[in-house]
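Letters A, B, C and D name the chains as they come in the text, with residue numbers starting at 1 for each one.
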């Protein structure tokens, strides 16, 4: 096998991206746990963890640039690098949103009171979590089948998002909220907005993995 | 593939003695475009372009089957006038090979052997050809100097000018920049890019980046077979064949 | 610089050794060296063979080279006996004053034409002279057909040519119109191929490929050569530097003996014994021993 | 020469770090090289020492007058070798003029056109031709060519023409083998470049191969000329060796080498010196011809 050094570097790149995905996923999981349990300390850790994600982002970008400049990658190798380059941006954005959610959790400082049915919100949280986890999985495994399910799942998330938002707006409009609750609702609106964006980035990652594996580009609708 | 087809190769097989160098090659070469041929050494790509101007005829024991349709006729037919064919399909070689004559005489060589004696006409052809090969400005004041005193890159462009002087339709280039430094190489590549407006160019190269830079279509040869033929971007970004993938990512060995 | 000289010296020695190797000659006591006329060479060779058969342990070498080369060889001591088909010239005698010529037999020179030339069988000595000086150029001037005479000559210094120049041309000059062949064999093969040619060779080299011409109506037969009626003849000579001694004297004596003369006769020469009124000269020294060294150096 | 020699010695001394065996071999080679130079030097010195005094005494008339009667024991020696010089020149140049085009054509054929089977047959034959002793050529010419010329054109048959024919054949192997190598040494790229422009095979040979091989071809002609002017035995047999200014190509002729060979055996005294003087003339001749040919070949480097 020729170019062993190059192949090792390429493998390292994939491992690093997967690892970045893993810590991003952990942040997502942690922040959602913190949200559920009003664990400000855990939320604080998530905020700190964002730096680690950003560092990973810079490190992997440098790896990609060096591979591009020095190794003239072609074909799938080229697509892996292109995908990784773009994907770390998605991960970094997910990390940012996670930190934003964590800040909301810290700001609220207490368990939130949700003025609407919790079941849809919980479903949204669970869906986003699994989407992020699956997006990392698709990259690590090159699992195109899994990635193909993302758009449909994203549609469901969009529906849940809209439904939860609508319900909250209705609640506000009907004056069902106390003054304290209004602030919580505002925070919650941000949080579910962030979750919806995280899901979008997860879909991006899925599409990129499809391109990486198959060469055909898929674009967001 | 859009646009006109200049050369259409059908079921081409070629043997040197008992060794089959080309196996059932089918390819359509587009007109006024650059087609690159890549593949590991000995894969048949040089043999393939030498078939197009019948330079393989110089090798003993060569035999071939199939068709190479150019201007409506099969040039592999035994009644083909190879001398006339080579006037229309010219070749540039790996090593710049100017004759040990003056720059002028190098360029005038082709027109002279084709019967042009008039000094004024020759002057015009030489100037036009040297301009066409983007070397006129560098040599216009030293046309009577020996061509061997030019740098390698200049020699190669002179060889291209020499070819242009016989007004071919197709330019075959057998690794035209492999003996040159990067600057000379990029000048040749720029020249190729310019030339494709008027000529159909087929270039054999070991340098995949060069193929990627200059060509619109790329063909990958392996062990005498045409493994994959696609637009250059497709071939390098998303090859269909595993062999191509392995070759362009450098995983052969 | 000091290393140059040894290298230069070695090189010079190598060069001289290689270059000079051919110049050395064997002068061992039991070896007799003869050199000279190619006309005498076959005769001397036959004599040497017979002599060596009688005297075991003695080697007689017979080299060619031409009369002049033989004179030079004996004069400088390279050979003990020089052989000659012409008398010593004034300049040779001046250069080597001690040279002594000894006639060993009589050798005739035949004027030869192509056998196809049937019209001409006899020429007068004057006619031959005029042909060779260029005064007669066409066969019809001597009774032949109307074609140009192709005159064949020997090279400058040839004993045979010298004989013709003395006997036929009376010392006059040859015309430059003919061609020159470098040996008896070459003359013979040329004349054998050219019907219009005329040439001359030693009588002992005559064979059927060429036709010998009668001179003044006398054929070059043995009897006519012996009694002198065939006029184009000369003595063949041994030449020594000073009176012969040792092996040289022994070989000379053998040559002049009846056994030696018989060998010469068998070679086609005229034995001195058959020449009427010929008195053999008495050699001044007699053989002492066969092993005495007889190297004579005059340099 | 001394400068080169010093440099060679210095090079040897400088290479002290190499092992002794290396230096020993170098020394042996140096000695061999210098020895051969010395040997040639000695020959030249000898020939000149014998010939130059005679040349000085005989003066220019030796070269320009036409009567050659050196061994004449009755008249004073008359020393004029003009016809011999002329003969040498005519014979040499004529032989080269016939042999060179033939040889070059044959070389091009062997190098470029002949199928491998023919080449396998012809190349050894040409080498064999070079190995035939010159006396055999001469004898063949004397028995075949000379009678043929005599039959066709009259005269002696031994003539300038006979020399031309036999010498041109004799120089063929030299010209063919050296020229073949020269043509084969032309970079394949030149040939391909020319063919790829639609030049025919003949155009390629004429306009590219031969000019590119010209210095090698010129060298082959020089070597052939050297052989022609130096050839003795064959010329001796077929030239006729007549010291006259030849009136036609059917007339007999004499050359410097043949005359020296003919007469050296008998020559003594002034005659011998005269022959050495002819040797000097021959030597100078070869120098001039070689020099001219070298000049010509140098001019042809770019064509």
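For this structure, a couple of remarks:
FYI, contacts are C-beta pairs under 8 Å (C-beta built on N, C-alpha and C of every residue); 3 or more make two chains touch, one makes a residue touch a chain.
For clarity, every value in this text was computed on a predicted model and none was experimentally measured.
Among the remaining chains, A is positioned farthest from subunit C, on the basis of C-alpha centroids. Among the chains in view, D has its Cα centre nearest the centre of the complete protein Cα set.
Chain geometry summary: the mean Cα position of subunit B and that of subunit C are 79 Å apart.
One simple way to say how far apart two chains are is to compare their mean CA positions; for subunit A and subunit C this gives 124 Å.
Our note on geometry: subunit A versus subunit B, Cα centroid distance of 52 Å, whole angstroms. Centre to centre, using the average C-alpha position, subunit A and subunit D are separated by 93 Å. Multi-chain contact residues, meaning those touching two or more other chains, do not occur anywhere in subunit D. Listed for subunit A are no residues, as none touches two or more other chains.
Of all residues in subunit C, none touches two or more other chains. Residues 116, 187, 189-190, 192-200, 203, 207-208, 211-212, 301-303 of subunit D are the ones touching subunit B in the complex.
Residues 1, 3-4, 7-8, 10-12, 14-16, 18-19, 64-69, 71-72, 89-92, 95, 148, 150, 155-158, 162, 165, 171-173, 176-182, 186, 189-190, 193-194, 197 of subunit C are the ones touching subunit D in the complex.
Residues 5-6, 9, 12-13, 27, 30-32, 34-39, 41-43, 67-75, 142-143, 146-147, 150, 154-158, 236-237, 239-244, 252, 254, 261-263, 265-271 of subunit D touch subunit C in their complex. Here subunit B touches subunit A in the complex through residues 208-209, 236-239, 244-245, 248-253, going by the rule given at the top. For subunit A in complex with subunit B, the touching residues are 1-3, 6-7, 72-79, 214-216.
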